[in-house]
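Structure incoming, see below.
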Amino acid sequence: MSSIIKIPFGPQHPALKEPENFMFKVDGEYVVDVTPRIGYAHRGIEKALEDRTYIQDLYLIERICGICSHAHTTCYTQAVEEALKVDVPPRAKYIRTIVTELERIHNHYFWLGIVAHEIGFETLFMYTWRDREIVMDLLELLSGNRVQYAMNMIGGVRRDITPEISSKIMKGVKVLGERMKYYKKICSDDKTILARSVNVGILKTKDAISLCAVGPTLRASNVKRDVRADDPYAAYDEIPFHVVTYDGCDVASRIATRCDEVIESVEIIRYALEHLPTGSIEVIVSRVVPPAEIISRVEAPRGENLHYLRSNGTDKPSRYKVRSPTLANLTALCKMLIGGYIADIPIVIAGIDPCFCCMDRLTFVDINNDETWGWEGEKLRRYGIKWYKKQ
Amino acid sequence: MNSLSKDYQDIIERLKKEIGSENLIGYEIPRPRRIWFSVRKEKLVDAITHLVGKGFVHLSTITGLEDENGLEVIYHLNRKGLEASLKVEVPVKQPVLPTITPIIPGAILYEREVHELLGVVFSGHPNLSLLILPEDWPKGVYPLRKKWTHKEIKKKLSRRT
Amino acid sequence: MSMEKELIRHLLKKPVTLRYPFEKLPPVKGLRGKHVWDSERCVGCGLCARDCPSSAIEMIGKGLTAELKIYLGRCLFCGQCEEGCPRDAIRLTQLYELAESDRKNLILEFKREST
Amino acid sequence: MGLIKWARTKSPWLLHFNSGGCAGCDIEVVAALNPKFDIERFGMLLKGSPRHSDILVLTGPITFQIKNRLKRIYNQMPEPKFVIAIGSCAISGGVYRGCYNVHEGADKVVPVDVYVPGCPPKPEAIIDGIIKVLKNYEKATP
Amino acid sequence: MVQEAIISLLQIVIFPGFLFLILAAFFYEWVDRKFVARLQNRYGPLHTGPRGLLQPFADFLKLLSKEDIIPYAADKLLFSAVPIFLLSLPLTALFCIPIINSTALISFEGDLILVIFITTIIVISVFIGAWSSTNRFSTVGGMRACLQMLGYEIPMTIAMAGPAIVAKTLSISKIVQWQTTGLWFILTQPLGFIIVTICFLAELQKIPFDIPKAETEVVAGWLTEFSGKKLALLRLAEDLELVLAGSIMASLYLGGPAGFSFMPPFVWFIIKLTVCILILSNLRALFARFRIDQLMRGVWKYLTPLALLQIILVELIPW
């Protein structure tokens, strides 16, 4: 009995998500402790960044994650620009902002689809993903690629927004905002969705702060923290917007937060397009970066992104550190799971929006007799079922 | 702007008083919303306790790095928009730091990450097992140390299988 | 139940589906696809190969006789080569259907016409 | 024989496997399912079990941790089976070429039938790739 | 004599027997997929045959021609027997349904019980199949199927008793005949119809009751290890079950092949069957998947009491 069997958890496109690995300690029906194990997708990016030039790094940074690639490059280019002491033209800043917000819309739609798929709501998945195509098309129109936009350059952005593109974006985001309002209604009306989300995966405000959660996860626990407002970058200091918070601290609040954020993003994009400054979109910069130490922060769709750069006067960074939001939320995720019921693990994990529901393997340790055994997601689910029946 | 810099000075003075000025090796305010401290590692826990008490409750991450001068660990603390970064130098020979997880529970994963990629040991940390690297990762290979280049690591890895 | 109305509405609508490959949308203007190279313009400075983030460009020779080999299997279609070329000799076209069953066919070999 | 070949080309079921990429390719593969592209038109279905699948859709670089799992999944698929490598990562390691945890190309681990370059390729390009697999099969067998 | 024998043989083999039923199974899989696709604003199968009509057939042929892997640890005999068994069960049950006229190929007092019994056996076979393949996903899927069955079987049986009580017979053909003279039971027992519909969704393991094979949770559930020919047969069996479900609904509640005489009874039957299947498909697109505990709770809290209520109403009100 004391053998650890590792079992694939949850998802069975053994691949759609990246595998992560959690060690659960359970006592009866409750999760007592969770130890995460990540890195199936560990590719050694931080090391590789040190071996490549700043220009090459830009594209590598972009590929840390395919979903919020623009947030990562914005963070990166800001760091390098600060080290170079160059000022980016205002028009470039606005364009960066617009792309960031489009990306946020894309991410939240994507996430809603995944959640729908997770609870077996095939039709909602199809609808959200269909509407997501609108924003994908806008991004393609703007940048030339649907996913890896390559919009950011060190010193500005690569492509300009022509009036014709601008009007198309206006039209597109209007539809997206409307549709999101509809989905929000569905999510707060539909009984099946509510049953799976209300009071599930509680993260109290106090814990959210002490465990350093970020992004919508944090804001759904009623903490008003958003890098865009607190440490404005790009054009955010000139654009009025609300920081969305909810105080439910559960999965339902996380859904609501993200829905509202999309609606907010639509307003930001509208404002930015209407107030787009004129002028150039990039400045020429040197390839060599003087020695400096820079911290750059960006609010990615999933939360605060922090990059740390140390340059040493060559054309390659001496150290580049990336802290992506999923990692920051992992500790908080463990907290949500601890004390929760085993049956609720999957939806809670999906709730923090890891790039897909990454986790793939679970191992349990019973604290009472120190017995270790493995549980597959299904067994786990069955367990949850049994447990719920007792209720 | 002026009141802002006064605020920053205030934070620095208080920290100085708290840990003793000889233990605060240096500080810098490169631009609004950024402060850098450099403290002796003996006073690390005190300094962080003090800053957390002053509202820097959010730990963004812990960066570990190696350059010509040896190992360095940086704690990125945050109060609203204000980012305070605390640097400590760690001797390469005996890379040990006290853990800060009792003060900031959110540091658990970051300390593990630094431990794994650079070999810095955090004494008192509840669990320093592998987080990112595979189970059968060779001992003593810390990918972010300069002497381990991609080629070297790959060689070592392929020998393993 | 709250979606029934929406379902009925869609039943009466034409599907949004783009019937690829039987109907194709014209690619957007800035789409980043397969490369073309203009031997007349290239001066063989090597900037493109140097900055390529995944070493997809190989320079054969130097200077005005240099020729290019591009490994599409490595290329990220990031457009850095196009962006960095001081002579606008390398460009990305809108060709995106590049699937090949032989990896060799993914190597673009650009030759200079012997003059 | 002709009938069976017809059936095989009309009913390709896919198994999607991410071996450690940036998720860019994955979202494009899944995007091919959505109503805009709707690959069910060709009878393609995304299946969870390797036992039910005909085409293995690979995305992402092959990290050292994932290699054996990939081999196992490939072996579980019943013949005839095809592998299609999506994106430069799966073809050659892409941006991650040379990183310490990454293999240089999926074809070092399993045989690949069609390569779809791009980073990530458009859903159209992915569909195009799958159709090429089927066309090749149609041509190759008498 | 000989002529009659030939006719009944033809009836069994071709129409409305094996061949017809299998073709119907393929056809209704297509209807189901296409309809759901349209609800989701897409085409569904399109390029296989006219409007994708041949898609299920292509799937079937392809699976037949594929390598057939029997998992190393599986119980070979059971594992191979289950698909055949599962295929023959719904076929047998379908013979009890009157299709071309108001008498079925097999008709005797109590065939309703037989059909209900067969639906139970199907689930048990599913469990045996799951268990014999020893894969953990399969096992869980099989367990879930059984658990689910425990829930819906009871309200379904109770609800189906409604028409039987009124028609005072346990033969489906007789129930159909009763309806040609009286009212359709959907009008007098709408509640029963709804309950049976919901229970059939569960029987067919379709959303929102696809818990036994929820893709995101247990891969393909009890089907996970089956490949090649066996999978082909199993899928066909599923399609037949769909036809069976639709036919039972049409027979018990919509009067089976009865209808105005400007069209032959057979056409009436097809129309009603199609309507029933479309109802099932629509529900499939409408819901999110329940968690199995929610399903069980729902069954005991709502479905069973409602089914009982229906019976009481039937007893109280003499139609």
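Going by the order they are written in, the chains are A, B, C, D and E; count residues from 1 in each one.
Just so it is clear, contacts are C-beta pairs under 8 Å (C-beta built on N, C-alpha and C of every residue); 3 or more make two chains touch, one makes a residue touch a chain.
The structure displayed is predicted, hence computed values, not measured ones.
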Farthest chain relative to subunit D (centres taken as mean CA coordinates): B
Chain closest to the middle [Cα centroid of all protein chains]: A
Between the pairs A-D and A-E, the one where more C-beta pairs touch: A-D
Most distant chain from subunit C by Cα centroid: E
Separation of mean Cα positions, subunit C and subunit A [Å, integer]: 28
Mean-CA-position distance for subunit B and subunit A (Å): 24
Subunit B-subunit D separation of Cα centroids, rounded to whole Å: 42
Approximate Å spacing (C-alpha centroids) for the pair subunit D, subunit E: 35
Two or more partner chains touched - positions in subunit A: 12, 39, 42, 44, 47-48, 51, 59-60, 63, 123-124, 126-127, 130, 148, 190
Junction residues of subunit E, two or more chains touched: 37, 39-43, 46, 137, 215, 219-220, 285-286
Shared interface positions of subunit B, touching two or more other chains: 134, 143, 150, 153
Touching residues (chain side subunit C, partner subunit E) in the complex: 1, 3-4, 7, 10-11, 13, 15-17, 19
Sites on subunit C touched by subunit A in the complex: 1-3, 6-7, 16, 28, 30-32, 51-54, 76-80, 83-84
Subunit D-touching residues of subunit E, taken from the complex the two chains share: 33, 37, 40-48, 52, 54-55, 57-62, 64-69, 137, 215, 219-220, 223-228, 231
Contact footprint of subunit B on subunit A as seen in their complex: 35-39, 42, 44, 46-48, 51, 82, 209-213, 225, 227, 230-232, 293, 295, 297, 304, 306, 308, 310, 312, 318-319, 321, 323, 327-328, 330-332
Subunit A-touching residues of subunit B, taken from the complex the two chains share: 31, 33-34, 36, 57-61, 63, 65-67, 74, 76, 80-81, 83, 85, 104-110, 113, 117, 127, 129-134, 143-144, 149-150, 153
